[in-house]
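Both of the next two complexes hold chain A, though its partner changes from chain B to chain C.
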Partner chain A sequence: MRWFELISRIDRRIIYLLLTIFVILPFFIPLKISQNIMYQTKKLFDFIEDIQPNDKAVIISIDYTPQTQPECHPMALALLKHCFRRHIPVLGVSFDPQGPGLAVEAFAMVANEINREATNHQDSIIYGEDYVYLGWKSGRIAAIIQMGESIKDVFPRDYFRNLIDSFPLTQRIRNYKDVAIAIIVAGAAYSDEWVMYAQPRYGIRVGAGVTAVMAPEYYPYLQVGQFSGMLSGMKGAAEYEKLIFDHGYTKVPGKAGTGMDSQSMVHLLIIVFILLGNIGYFFTRRKR
Partner chain B sequence: MSHDPWLWIGAFLTISIFSFLYKDNPVYKFAEHLFVGVANGYYIALYWHNSLKPNLFEPLSAGQFIYFVPFLLGLLYFTRFIPRISWLVRIPIGFMIGWGAGVSIPATFQAHILKQLEGTIVTPESFVNPITGIWALIIILGVICTIIYFFFSKEHKGIFGFGSRVGIIFIMIGFGASFGYTVMARVSLLIGRIQFLFGPWLGLIK
Partner chain C sequence: MKRTIPQAICLMIGIVMVVQFFVPHPISLQFNSMILKWVIVLTAFAMVLAIGNLIMHHTAKIEKKREGWYYSLVTLISMVVMAIIGLCLGVESESLFQKIYLNILAPLGSTMFALLAYYMASAAYRAFKARSLEATLLLIAAFVVMIGFMPFGQYLHPKFPAFAEWVMQVPNMASKRGILFGIAFGSIATALKIILGIERSWLGGKE
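Now for the complex of A and B:
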């Protein structure tokens, strides 16, 4: 077998093995490749920075599933840390049936992290005062539209079956007029519905955290201002983590940031494989 | 190394699924079937506790008999299994299509067509900053040439053919960006699993 035939027919198992090695290595030998912040990430960060503390709420719709958790979960954690540290009230919702478990974990994780460092009531994150998780609702289009009139009509009870009128936060936040932005962290096209049904009717600002596969589809939304910022895949999450770290909102770097070294290494490997495949194909064709 | 049995189960299932990369095997099949079963059980429980019970059966048992209307409409879907009255399924389907079309047609026009058209309009303000001006021109060129490529009622020759070829370049750049992002997404999933295996399970990384 000639060399060019050999590089055209590399066993896929060798490719998988090399991919795995290239993913694992940077965890033990960190490359510390610096992250450039893309403008859509900065835009979302700046939007949240401009919200007055203890005033309007941020809706975070947790609509990702365990399959897309590595990309979306760090986004949700970083967004929650940012909001909680700035004392911006958060309403959590889910329209994906697999969202609630991950949402409850994300809220608890961030609230516990902040409460461990809190020295008084004001520094603490209290359920019902600083955030409420409303849970999952089927029929999301109708729910998204109706929430513009009354959140209570759609979610009379929170995820834990408490009446939402029993919380100071949800007594104050009644509909989209009391909401600064809805950020949809999703592994599927859930943010479309907010842009289609909630934004034109109620003028609510929409931000998105999407998987990398979905990101190219959503750039037009960003360009015309339908999105007030967007986090694209693990890179977007890593950038947001870096922004909140640099601004002192967290003391620990996030998981997405540590994964980006592996991401860069694997991209280099894939580029090498694409080149090898093309060179092999070119010489094989010339031989014929 | 973790002592949590749930982490061990998670690690075992992860490795079982990855074993397919070598070749199909019974351990992979077991993990796959287990996932399908668990997912079904989860969805049934979730829909019962969060949708059917609070939104239908509780209001019904509280005497709100108007809920019989959606209940009946929902039940009509099951008439598909009874050939003699299967035509009744058209009622809920017609209701859903009517509602869906009424809600989504104006919203789609507004959000996906009119608003996107706004983004292609070049105004004098576009050139306040020369860079944004150049991008505005590239966007309108890309939109027009891509539409020309998908216009099949006229032969792609002459200036029309040139526009079509430029359209292909824009489409290919779009495909390239999508491919790059897709690679990033898939690698992210692998990174997530490796972080789980080497982090919470084996305790080798923080």
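Now for the complex of A and C:
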């Protein structure tokens, strides 16, 4: 067998083995490659930076599933850290039935992390005062539109069955007029409805955190300003983590940075394999 | 009658909701609010139908001992157990429901999705070949975007990430915008056809 035939017939088990090594290795030997920040990530960060503390709320719609958790969960965590550290109230919602489990974990994780370091009541993150998780609701388009009139009409109780009127935060935040931005962190096209229905009618600003494969779909929304920023894939999450780390909102680097090392290594490996496949294909064709 | 009444309701509600969008009068807004609440409730009923369908499908499979019937049994037991745990013991962050979700369902879902990486790598190696001009252009574009979006990209050339971003913002966006326009016009046409009763497949069945 000639060399070009050899490189065009690499056994798939070798590919799988190398892929496994390239994914795992950066978890033990971090590459620590610095992230260049994309403008859409910076735009979303700057938008949240400009929100006045203890004033308007940020809605974070957690609409991803365990399948897209590695890309989307670090986004949600970084966004929550940023909002909580700046004392921006957060309302959590989900329109994907698998969202609540991950949303509850994200809110609890970030709130606990901040509360461990808190020295007084003002530094702490209190449920009902600083954030409320409203849970999942069916009929997402109707719910998104109706929340513009009254959040309480759509979510009379939170995810834990408490009346939302019993919380100081939801007594104050009544509809989209009291919301600075809705950020949809999703593994599917959930942000479209916010742009199509909630934004034209109520003028709410929309941001998004989407998986890398979905990101190209949303560039038109970004260009015309229908999105006030976007985090695309694990790279977007790693960039946001870097921004909040550099600005001193967290002392612990996030997981997306490590994930980016693995992802970059795997991308490199795939590029090498594609090149090998094409070189093999080119020489085999020439021989024929 | 079975088709005429739903069509009449569709025509009436369709036209009223379109007109309502442009009328900011309190009565119009109240009507809109009421319809939206109905939609939320009706959609919740779809979930009841889905659960019923799931139970019927898997029960029949278990009764007839069809291939893989034990998976159906696992599905039904899991659904009932999770529902009972969630309803009786709560869904708080420290609850049993949450522990099962995070430690069983989430890793299973992530594992299934992670397997895709292996198939994608193998498929890219075997199928992503520069067989024609179009395939070569696709290959080059993919390389530019992949390398440009990797943190390594900036070390190859400082302007590589900016070039990858340009590929996304200009050629990609132009094509995406074209597709979006197509989808928007198609959606308007389909909506009009449904409202006016030209498109009736949504009614299902036969006359």
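The rule is short, and it goes like this: the second predicted complex is superposed on the first by the 288 of 288 C-alpha atoms of A that agree within 3 Å, B and C clash if a C-alpha of one lies under 4 Å from a C-alpha of the other, contacts with A are read in each partner's own complex, and residues count from 1 in each chain.
We adopt the following convention: a residue touches a chain if its C-beta (ideal position, glycine included) is under 8 Å from a C-beta of that chain, and two chains touch if they have at least 3 such contacts.
What you are looking at is a predicted structure, and each value in this text was computed from that prediction instead of being measured.
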| item | value |
| --- | --- |
| Partner chain(s) touched by A:Ala188 [first = chain B, second = chain C, both, neither] | neither |
| Which superposed partner A:Ile126 touches (first chain B, second chain C, both, neither) | neither |
| Partner with the higher number of touched chain A residues, chain C or chain B | C |
| First (chain B), second (chain C), both or neither touched by A:Ile279 | neither |
| Contacts of A:Asn36 with chain B and chain C, given as first, second, both or neither | second |
| First (chain B), second (chain C), both or neither touched by A:Ser262 | first |
| Partner chain in contact with A:Phe27 - chain B first, chain C second, else both or neither | first |
| Touching partner for A:Tyr16 - first (chain B), second (chain C), both, neither | both |
| First (chain B), second (chain C), both or neither touched by A:Gln226 | first |
| Touched partner set for A:Ile270, first chain B, second chain C, both or neither | both |
| Touching both chain C and chain B, counted on chain A across the two superposed complexes | 12, 16, 19, 23, 67-70, 98, 100, 137-138, 141, 145, 212, 215-216, 220, 223, 235, 263, 266-267, 270 |
| Chain A residues within the chain C interface of the complex | 10, 12, 15-16, 19, 23, 33-36, 38-39, 65-70, 98, 100-102, 104-105, 107-108, 137-139, 141-143, 145-146, 149-150, 153-154, 159-160, 201, 212, 215-217, 219-220, 223, 235, 260, 263-264, 266-271, 273-274, 276-278, 281-282 |
| For the chain A and chain B complex, residues of the former touching the latter | 12-13, 16, 19-20, 23-24, 27-28, 67-71, 97-98, 100, 135-138, 141, 145, 157, 192, 195-197, 199-200, 211-213, 215-216, 220, 223-224, 226, 232-235, 255, 258-259, 262-263, 266-267, 270 |
| Chain A-touching residues of chain B, taken from the complex the two chains share | 21-22, 42-43, 46-47, 50-51, 54-55, 103-104, 107-108, 110-112, 115-116, 118-119, 139, 174, 177-178, 181-185, 187-195, 198, 204-205 |
| Chain C residues touching chain A - in the complex, by the definition given at the top | 21, 29, 32-33, 35-37, 39-44, 46-47, 90-93, 98, 101-102, 105-110, 112-113, 117-118, 120-122, 124-126, 128-131, 139, 143, 146-147, 149-154, 161, 165, 168-169, 172-173, 176-177, 180 |
